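You will see chain A twice below: alongside chain B first, and alongside chain C after that.
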Partner chain A sequence: MYVITVCGMGFGTSLMLLMELQSIGKKHNIKVSGEALDMSSFKGKKADLIVASSEIAKTIDGSEIPVLSIKNILDKQEIEDKFLQFFNQNKKE
Partner chain B sequence: MKNKTFLLPDAVSLSAEAKTPEDAIRLAGDLLVNAHISLPTYTDAMIEAFHTLGCYIVLAPHIAMPHARPDNQVLKAGFGLLRLNEPIKFGHPENDPVKLLIPLAGVDNHGHIELLQILACVLSEPMNIDILLSSQDVNEIINLFDAGKINEE
Partner chain C sequence: MKFITDFLSTPAFIIGLVALLGLLALRKSGSDVVKGTIKTILGFLILQQGAGIIVNSLIPFSQLFENAFHLTGIIAEDNAIAAAVQTVLSKETSFILVFGFLINLLLARVTKMKYIFLTGHMMFSSAATYAIVLDLMGINGWTAIAIGSVIQGVTSVIFPALAQPFVRKVTGNDNVAFGFWGSSLIWMTGWLGGKLGNKSQSTEDLKISEKFDFLKEMSILMSIVMILVVGVTAIFADPQLLSQLSGGKSPILFIILTAATFVVGILVLLQGVRMFLAELIPAFKGISEKIVPGAIPALDVPIFYNFAPNATTIGFIMAMIGGVIATFVSSLTSVVVLPSVIGLFFMGAAAGVFGNAMGGRRGAIIAGLVLGFTYQMLVALAFPLVDLTKYGIAGLWFSSPDVIFVILLMKLAGLPFGK
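Here is the complex of A and B:
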């Protein structure tokens, strides 16, 4: 699955999220690739999923790509739970 | 294994006084300047980024990670740690008030990915957060980030 993580500058929280998603992917044998982008450059990109901190996610309107909103970037459990829930809901398609 | 220090003693302040987010980011930036990590103009860029991009830098309860784009205002990749005596609000609906600021500076992508890995590794452990929020011992705090490097291998 291809994931875009988004933050204000594309190198802080977005990179932290992407690294965490890749390690979750490894743990559950889900292939996760993607890129960390800033708020202007993610638009128009194709991906299966967008992941961002809650304050950033709020500003992503009208995206055709599903958005996961993470309240606490340092909470591995929150990220894992939300990601797996998304993965399990979508894998049948 | 080489013993690499990610957090320099000059970049740590455990009892800072600030009234506004701007004051706090300024003090956090001063730490990076003290530790020869960045130039004062990088501090201005962090404050500017907070103004334009908002409170999402409060990435977890009580913890903010101010940063700006990596460029020539940064002398070497690094981070600092500023603890406020009195927590202040940054405007984040869930993670306010902020007690701990971790200003981050990157020069190139590779170096700062390593820093982010160390930070994520140390900060995702609640016991470490307790130490960061309460310890009076600078060395204890610095050692957390060395141990983080080792655990990461």
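Here is the complex of A and C:
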């Protein structure tokens, strides 16, 4: 699946989040590709999922793409749980 | 042969080659290697174009500012400087970036400081900064690369190590470290906020209006500040010069266009940074995980924002106020430091978080205010140390406090040699 991660600049925490999601994907055999973007340039992009810290996520509204809001971006468990939950829900549909 | 030397003196190709080697070392698939290498090269070329836009937009502005206030006005912005000197110092910059990282790995492997500095845009800008400072001391080529790489490698573990006791107060553990060339100023102001504040009253108990959240989008805030800065300058400048620079167009349109062009330059530059870091950093991270067991990644400043979201807003607003005060006070020195939004925003927000962790609301307010003021005053006072006009750069100066401290040490070390 294609994931967009978003942060203020588009190369700091968003890149960290994307790398984390890719290693989670590897662990669970889910192919994760995507790109890290800043708040001004993610709009209009196509993706299966947007992932961002809760501070950034709350400024993303009206997006057609589902948004995963991560409270603590340093908490690998939180990222993994939320990501897998999303993945499993969408698999069933 | 000429092709090879030309190839290696083109910065985009050197960085492309680094990405290529990194991707190969990580045994990525053929398509990933090709894609990653091309994106890195494109990213680097975009970065240089962005720097060109910034430098050009500041030429008329600098003329206007000098005419209006009879002073030099500068904005603190590292990456624009780093990208602008690539035409002359590309070899030094790229090799300091790479060898500095390898020295960082070595130090993390053999010492107790397990930090791996992974904030790529800062590794790039500091590599370029050391190349510039050494070049101006008359040192270049491989000697400069050797000295610069050692400085880069050593500072990559020392600054995170100095910050770690304070990071622990915010995050509660040692899982991540602070990899940002402003960390010292942030923990110092946070510590001061702790001394003068009251930890029991946290910023996070406050209800803060979300009305101003749109300002967290860098391009918006920067545009507003730049229009104000150019506008105020234009009011005080000679109308004749203004109409000459605007080519007879309406001064209002000229002000908006000059400010917007500067912001566009920053956005283009950041897009380039984004493209080449997206390839380089995962490669660096992968290599470090293989070589250094128990490595602690030293990461960019926003990782701390979620620990106290309200404190980031308070810290940033206070830093802007402190920065504007410093703009006026700095006019007493040799240079006026204009509100440098990116630095004030990212460091101010973190100062708020650190101030709050150690001293609550009052701590966050004091930390942000002191950070904004001291940050810009540091730039003003250090400005005479490095003259960038040799590279055709006017209106810009270095913006990373940690790196500025290192420049000072480099200049002191050079004194006995008359450099």
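To be clear about the criterion, the second predicted complex is superposed on the first by the 92 of 93 C-alpha atoms of A that agree within 3 Å, B and C clash if a C-alpha of one lies under 4 Å from a C-alpha of the other, contacts with A are read in each partner's own complex, and residues count from 1 in each chain.
Basically, a residue touches a chain if its C-beta (ideal position, glycine included) is under 8 Å from a C-beta of that chain, and two chains touch if they have at least 3 such contacts.
Source: prediction; values computed, not measured.
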**OP:** State whether chain B and chain C clash or fit side by side on chain A once the two structures are superposed.
**Re:** clash
**OP:** Scan A:20 for contacts with chain B and chain C and give back first, second, both or neither.
**Re:** first
**OP:** Scan A:47 for contacts with chain B and chain C and give back first, second, both or neither.
**Re:** neither
**OP:** Scan A:73 for contacts with chain B and chain C and give back first, second, both or neither.
**Re:** both
Original post:
Is A:11 touching the first partner chain B, the second partner chain C, both, or neither of them?
Top reply: both
Original post:
Which holds for A:32: it touches chain B only (first), chain C only (second), both, or neither?
Top reply: neither
**OP:** Look at A:3 in the shared chain and tell me whether it touches chain B only, chain C only, both, or neither; answer first, second, both or neither.
**Re:** neither
Subject >> chain B versus chain C, judged by how many residues of chain A each one touches >> reply: C
**OP:** Tell me which region of chain C runs into chain B after superposition, given the options 22-30, 40-48, 58-66 or 166-174.
**Re:** 166-174
Subject >> Where chain A meets both chain C and chain B, residue numbers >> reply: 7-9, 11-13, 15-16, 19, 39, 53-55, 71-74
Original post:
Mind pulling up the chain C residues that touch chain A in the complex?
Top reply: 119-121, 171, 175-176, 210, 213-214, 216-219, 267, 270-271, 273-274, 277-278, 281-282, 285, 299-303, 305-307, 309, 312, 346
**OP:** Write out the stretch or stretches of chain B touching chain A in their complex.
**Re:** 49, 52-61, 63, 65, 67-70, 92-95, 104, 106, 109, 112-113, 116-117, 119-120, 123-124
**OP:** Mind listing the chain A positions that touch chain C in their complex?
**Re:** 7-13, 15-16, 19, 22, 35-41, 53-55, 58-59, 71-74
Original post:
Once bound in the complex, which stretches of chain A touch chain B?
Top reply: 7-9, 11-13, 15-16, 19-20, 39, 53-56, 71-76
